[in-house]
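All chains are identified by letter, namely A, B, C and D, in their written order; residue positions are counted from 1 within each chain.
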Amino acid sequence: MPRMTMIEAIRDAMDVSMAADPAVVVFGEDVGYFGGVFRCTAGLQKKYGPSRCFDAPISESGIVGAGIGMAAYGLKPVVEIQFADYVYPAYDQIVSEAARLRYRSAGEFTCPMVIRMPTGGGIFGGQTHSQSPEALFTHVTGLKVVVPSNPQDAKGLLIAAIEDPDPVVFLEPKRLYNGPFDGWHDRPVTAWKTHAQSEVAEGHYSVALGQAAVRREGRAVTILAYGTMVHVALAGAEAAGVDAEVIDLRTLLPLDLEAIVTSVRKTGRCLVLHEATLTSGFGAELAALVQAECFYHLEAPVRRVAGWDTPYPHVHEWIYFPGPERVARALTELVEEA
Amino acid sequence: MADSDPRIAPLSLTVPEPAVRPGGQPDFSGVPIPRAGTVRRPAVDEEPEAMRDLAFTIIRVLNRDGAAVGPWAEALALPDDELLTGLRHMMLLRIYDARMMTAQRQQKTSFYMQHLGEEAISCAFARALSPGDMNFPTYRQAGLLIAGGYPLSEMMHQVYSNDGDRLRGRQLPVLYSSKPHGFFTVSGNLATQFLQAVGWGMASAISGDRKISAGWIGDGSTAESDFHAALVFASTYKAPVVLNIVNNQWAISTFQGIARGGAGTFAARGLGFGIPALRVDGNDYLAVRAVADWAVARARANLGPTVVEYVTYRAGGHSTSDDPNAYRPAEESAAWPLGDPVVRLKAHLIARGLWSEERHAQAEAEILAEVTAAQKAAEAIGTLHTGRRPSPRDMFEDVYAQMPPHLRRQRQEAGF
Amino acid sequence: MPRMTMIEAIRDAMDVSMAADPAVVVFGEDVGYFGGVFRCTAGLQKKYGPSRCFDAPISESGIVGAGIGMAAYGLKPVVEIQFADYVYPAYDQIVSEAARLRYRSAGEFTCPMVIRMPTGGGIFGGQTHSQSPEALFTHVTGLKVVVPSNPQDAKGLLIAAIEDPDPVVFLEPKRLYNGPFDGWHDRPVTAWKTHAQSEVAEGHYSVALGQAAVRREGRAVTILAYGTMVHVALAGAEAAGVDAEVIDLRTLLPLDLEAIVTSVRKTGRCLVLHEATLTSGFGAELAALVQAECFYHLEAPVRRVAGWDTPYPHVHEWIYFPGPERVARALTELVEEA
Amino acid sequence: MADSDPRIAPLSLTVPEPAVRPGGQPDFSGVPIPRAGTVRRPAVDEEPEAMRDLAFTIIRVLNRDGAAVGPWAEALALPDDELLTGLRHMMLLRIYDARMMTAQRQQKTSFYMQHLGEEAISCAFARALSPGDMNFPTYRQAGLLIAGGYPLSEMMHQVYSNDGDRLRGRQLPVLYSSKPHGFFTVSGNLATQFLQAVGWGMASAISGDRKISAGWIGDGSTAESDFHAALVFASTYKAPVVLNIVNNQWAISTFQGIARGGAGTFAARGLGFGIPALRVDGNDYLAVRAVADWAVARARANLGPTVVEYVTYRAGGHSTSDDPNAYRPAEESAAWPLGDPVVRLKAHLIARGLWSEERHAQAEAEILAEVTAAQKAAEAIGTLHTGRRPSPRDMFEDVYAQMPPHLRRQRQEAGF
């Protein structure tokens, strides 16, 4: 099987979809001739022409709003927001329009659109190239929210998202674009090429939305993570030498609650991880659900390890980023508790 | 330093105010109104730069004597029955509005918004489009449905949120939706759809289709950010869209000057984007239709977008929640120099011997009977608080194409 | 003491503040000559002139963005967003700018601004006049989030918010504007005039941000609520005949965690209420915190009663709204559990 | 129906493309460039409607021979030392940029953005303002600081995020902040501050102050929604603000045509709001200064906002993360018809006998020495990954004026 980086897998997903369905169009800032600042759309304009893959003005609201109109017409727009930190100007179009069309019109008008955006930190991008806004979308019913953690999933989930009849916010952990990242920033980075999950099947396949995956089986504690934090979870479990079960949520909305409950009822302990700031992050919803569904199985309170409640800093990136040490410490305390 | 330099006068904030407030005498003498028939009609493929003048005048067809004059009238030349139909649509919309206003006062629904004085705009524009084209209307373009032959009963079911409502009682009254009638589901959020109209038109162009779209927005809402995004995208990709700005002089209690600022007109906004921008007498059914035909032709011929500003006046309150006498003189409406669209078209038809006071009174009675009958039928199903209403189960449907587990659980918890 | 409705109390807070400090300016859609669609600013333009209270163009982004510039200059803007449902176009200015100025500039530029908006349902306003977006702000560090439940608090909290050196999102439950509302929509509404909490002291006073208030003492269960739901909580407790302690959070960010923990450790049970949709609502953060801080005192899982995860409907308002029956049912189940 | 009518050609999407791409021959012959000195200079209080022409031309002062000609030159008449200072500022900015670009390549910091070819704009504009006025700059106006006498060392500390950084290493390099120097904290989010500049100016007017503000935005960013909000508010309230649009032909890989669309210029946007809009040669230090003086005078006199489009060219990459050769011919920069701002002012000074090649070379050496010294000092404190960095405690400060309990708990948990 060919091996791909996350970027190549994402590009391949769009390529396969555009080849299969003329309704699929791709646009966003710098995505046309140049192929995107992260090169995710490189070659698509050449292959499918400028009216199916083109540069958009720097207007996130315009990109999403125009995309909604296109989706209502019958196209399947796959738009790119250059960084998740820049999605806010489009927030009204996403929340008030994309997420509501079907409901408002009783199914007469719908919005089969994918909104792709690089998310998360780890690249010294400072405040405006590092944010993880997923919880701002999981609170919005009518949306689906996806965060892949590896090339295999990225391609399959993106194809599923493009084929989904409803709007999907597709968050791409930029720190994983070129290689898996376990949070040990001071250790040599391994390229995807040497990683099992970079084996990406050719052509069309999809990974169903709403299904989590167990990345590591364990009995002592369940770690709930997504995106970059899946790799950090594995590294943290290693470091702590704890028999942790690591669940990669993959889709946050709708959530695979069953997979979560099954695991936590088995382990009796739960650690929730995310890069986003702690307060009102998606970890809050996970903790709330787990304590409600697994109360009588829990031997310790659900714990959250997340980004501190500060804007994302520049120089102190590695103090801010919830790395393997913090995860390991939390795991150790969690398994020792009670 | 400058900020303490005594030779420099201190700055002060300018806050635009309308010419009159309650108690004052309405005065529209400041509003320059060209005589009907005097404004030129350029070819649809004329260079936008060459038409800048049309953004600062008012295209008018019907003159004081009810005659249709000038180049726009000549280009139009509608058959008689089309004119009679137009009058009927405006009358129907007005009577429908009146009935629904009353129904709201009788608490048969929560809310309503009427078109009083603005009927010509949506009724005439609707006739310029072809099947398959798509409007992205605001809450004040029900004339698009009426003139498109959408059943009154459907509209009433939506207003009453009763069991006949195709939207299952989810939407506030008047936020209709009908794809077959080229009427996009109306949003409660202003300006968002002006931009979506551009995207829809782009999609038609991308698909090598022949359909065009029409965006609708009010004078006040042009201040919203999405208005800009719409013009940027329309200008850059030459989207086949007609960008309609309905300037009825008022937002809610805020007069047009607050949104318009220093520009003399709203049409002027289009010039900053190299988009042809026309201003038209919105109370002149023929002028509206003539300009709509022109703009639709441009879009259809792939010549790109057109901005149209309809100069009109909101004769009623903003909505049933609003009392305009609190912020503008009650006499202002009567003083409005462009008159009433129904009266003006009626006068034209009478002048042409196609219509008479008698037939008008008779038509009014017929239409009222028709509306009343439809209303009876609708109310037989139910109103907001009485009769048959949509099933609570519907409340959980259509959030997604397929109901996800968590929503199904919630529906069960709710007991439906 | 004079008795005021919530509207009068809010207007009085702005009046008192404008009289005391020339830096306080008020603007928003229809707030000038007319005095706001809910009349909260009625009379202020007449009293303080059009350059301190004026109509703004219909541009929420413009209102907040211009306000940020004014605040950076040294004024104290109090801006009104006509309905919380319409705040999204301003979301970028709030999240990326207002909440970040102080941090970015290390205190050189700050944003002492209050963003007022009517929130919540109960008025048959349908999808776009009924939303409760508080959780979209509690996830944004740098902001403070306040939701008063009565005239006394509304005035004191608004004055505190205006005097606060940082940006405050001030959510006003519109269903409470003219009278307390306990969720029994089919029963006669009482006016504020007949309610103890409508006694509003004249002149200047403030209610400190970050402090909750116990509205009803109880031993069996703790109810955490804010805004309209405080009244629904009281009604629900009555209906269920449960000895519930009702805590009115008043400020969601920063949160009075101590008051919450003290109460829940006493009662051992906790019910969280809000009008907003359940998933990723502020109730998730509350449940996550409570289970973490009170794990060994909890006799049952923390429960949430909230708006269903659908857009806010029109005709089915009273099936959607989390009223006293739902609260009573949850309370009964909660106290019977375990 | 229209969409199947064989007589109507199907629609197609227009997607603007730059004249050349890598491999092609740069060709700016399409860019009309008026001769220096030929564009009129209106009175600052002339009616905006009467100045529309200035949005479609280019105001230029320095001609081919290095002479300053025309009405704008006459109105300017700067003392010799001010001209020499201007040259020095541009040279300093260019050398500072070069050193920081190298430092970034040496991994002394994460990121950098240079001004190559655009030095005249921020350096000249800075001199038109008075103490107390406030700029709302983008990441490409460091000349405002340099020309304002802001210490190089302060700038370097910020770029290195070292312990000397007043912003405590929180911000990405080049996102400086200095209230005393009238330089608002730069946001990484485009266009947001263009609007804030208007609000700041309104606040000055509300306060009866004499300070004015200046908003800054790039050609690509004018597509953002906040650009519209800025113009709406500036136009409505006649805010004392200069709205600067730096048109350097490119966003990142996207050429100006995608943001500009059908309008011939970006200045044209101002016309839709009745705001005077001037286009100026951004590589002509004297023209920039002359137009800046004019716009600042308008704002100071409470005459309201002015839109200024600076026509220039981004000679370098967008940032250290960008390789422009991937999307435009490497030769394009050399072919740019407006030349280099440093070379042009230098030629003018030499022509006037105020300067010489020798003195220029000498000045370059002195400035390089000055920059190098400052850099040594800064690096003695530290760079992004070495030396003394801000305390981790600082990471938790300034989120609020007073640290709330939950943040204090988190800081303790973090161990600081």
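The rule is simple: a contact is a pair of C-beta atoms (placed from the backbone, for glycine too) under 8 Å apart; a residue touches a chain by one contact, two chains touch by 3 or more.
Nothing here was measured: the structure is a model prediction, and the numbers come from that model.
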Which two chains share the largest set of C-beta contact pairs: B-D
Which chain has its C-alpha centroid at the greatest distance from the C-alpha centroid of chain A? B
So how far apart, in whole Å, are chain A and chain B when each is placed at the average of its C-alpha atoms? 41
Please report how many Å separate the Cα centroid of chain B from that of chain C, as a whole number. 35
Interface hub residues of chain A, defined as touching at least two other chains: 51, 57, 59, 61-62, 85, 88-89, 92, 96, 100, 103-104, 127-128, 141-142, 279, 309-311
Do you know which chain B residues sit against two or more other chains? 12-13, 15, 168, 170-171, 175, 187, 189, 202, 204-206, 223, 225-226, 228-229, 232, 236, 258-259, 261, 399, 406-407
For chain D, which residues are in contact with chain A within the complex? 12-13, 15, 17, 21, 110-111, 161, 165, 168-173, 175, 187-191, 220-221, 223-226, 251-254, 258-259, 261, 321, 326-327, 384, 389-390, 392, 395-396, 399, 406-407, 410-411, 414
Residue numbers of chain D touching chain C in their complex, please. 134, 136, 166-168, 170-171, 175, 177-179, 184-185, 187, 189, 192-193, 195-207, 213, 225-226, 228-230, 232-233, 236, 397-401, 404-407
Would you mind writing out the residues of chain A in touch with chain C in their complex? 61, 85, 88-89, 91-92, 95-96, 99-100, 103-104, 127-128, 135-136, 138-139, 141-142, 253, 276-277, 279-285, 287-288, 291-292, 295, 298, 300-304, 309-311
Touching residues (chain side chain C, partner chain D) in the complex: 25, 51-52, 57, 59, 61-62, 65-70, 72-75, 89, 92-93, 96-97, 100-110, 141-142, 144, 165-166, 210, 254-255, 257-258
Residues on chain D engaged by chain B in the complex (per definition of touch): 1-5, 8-16, 48-49, 130-133, 202, 204-206, 208-212, 223, 225-229, 232, 234-238, 240, 257-264, 268-275, 300-302, 304
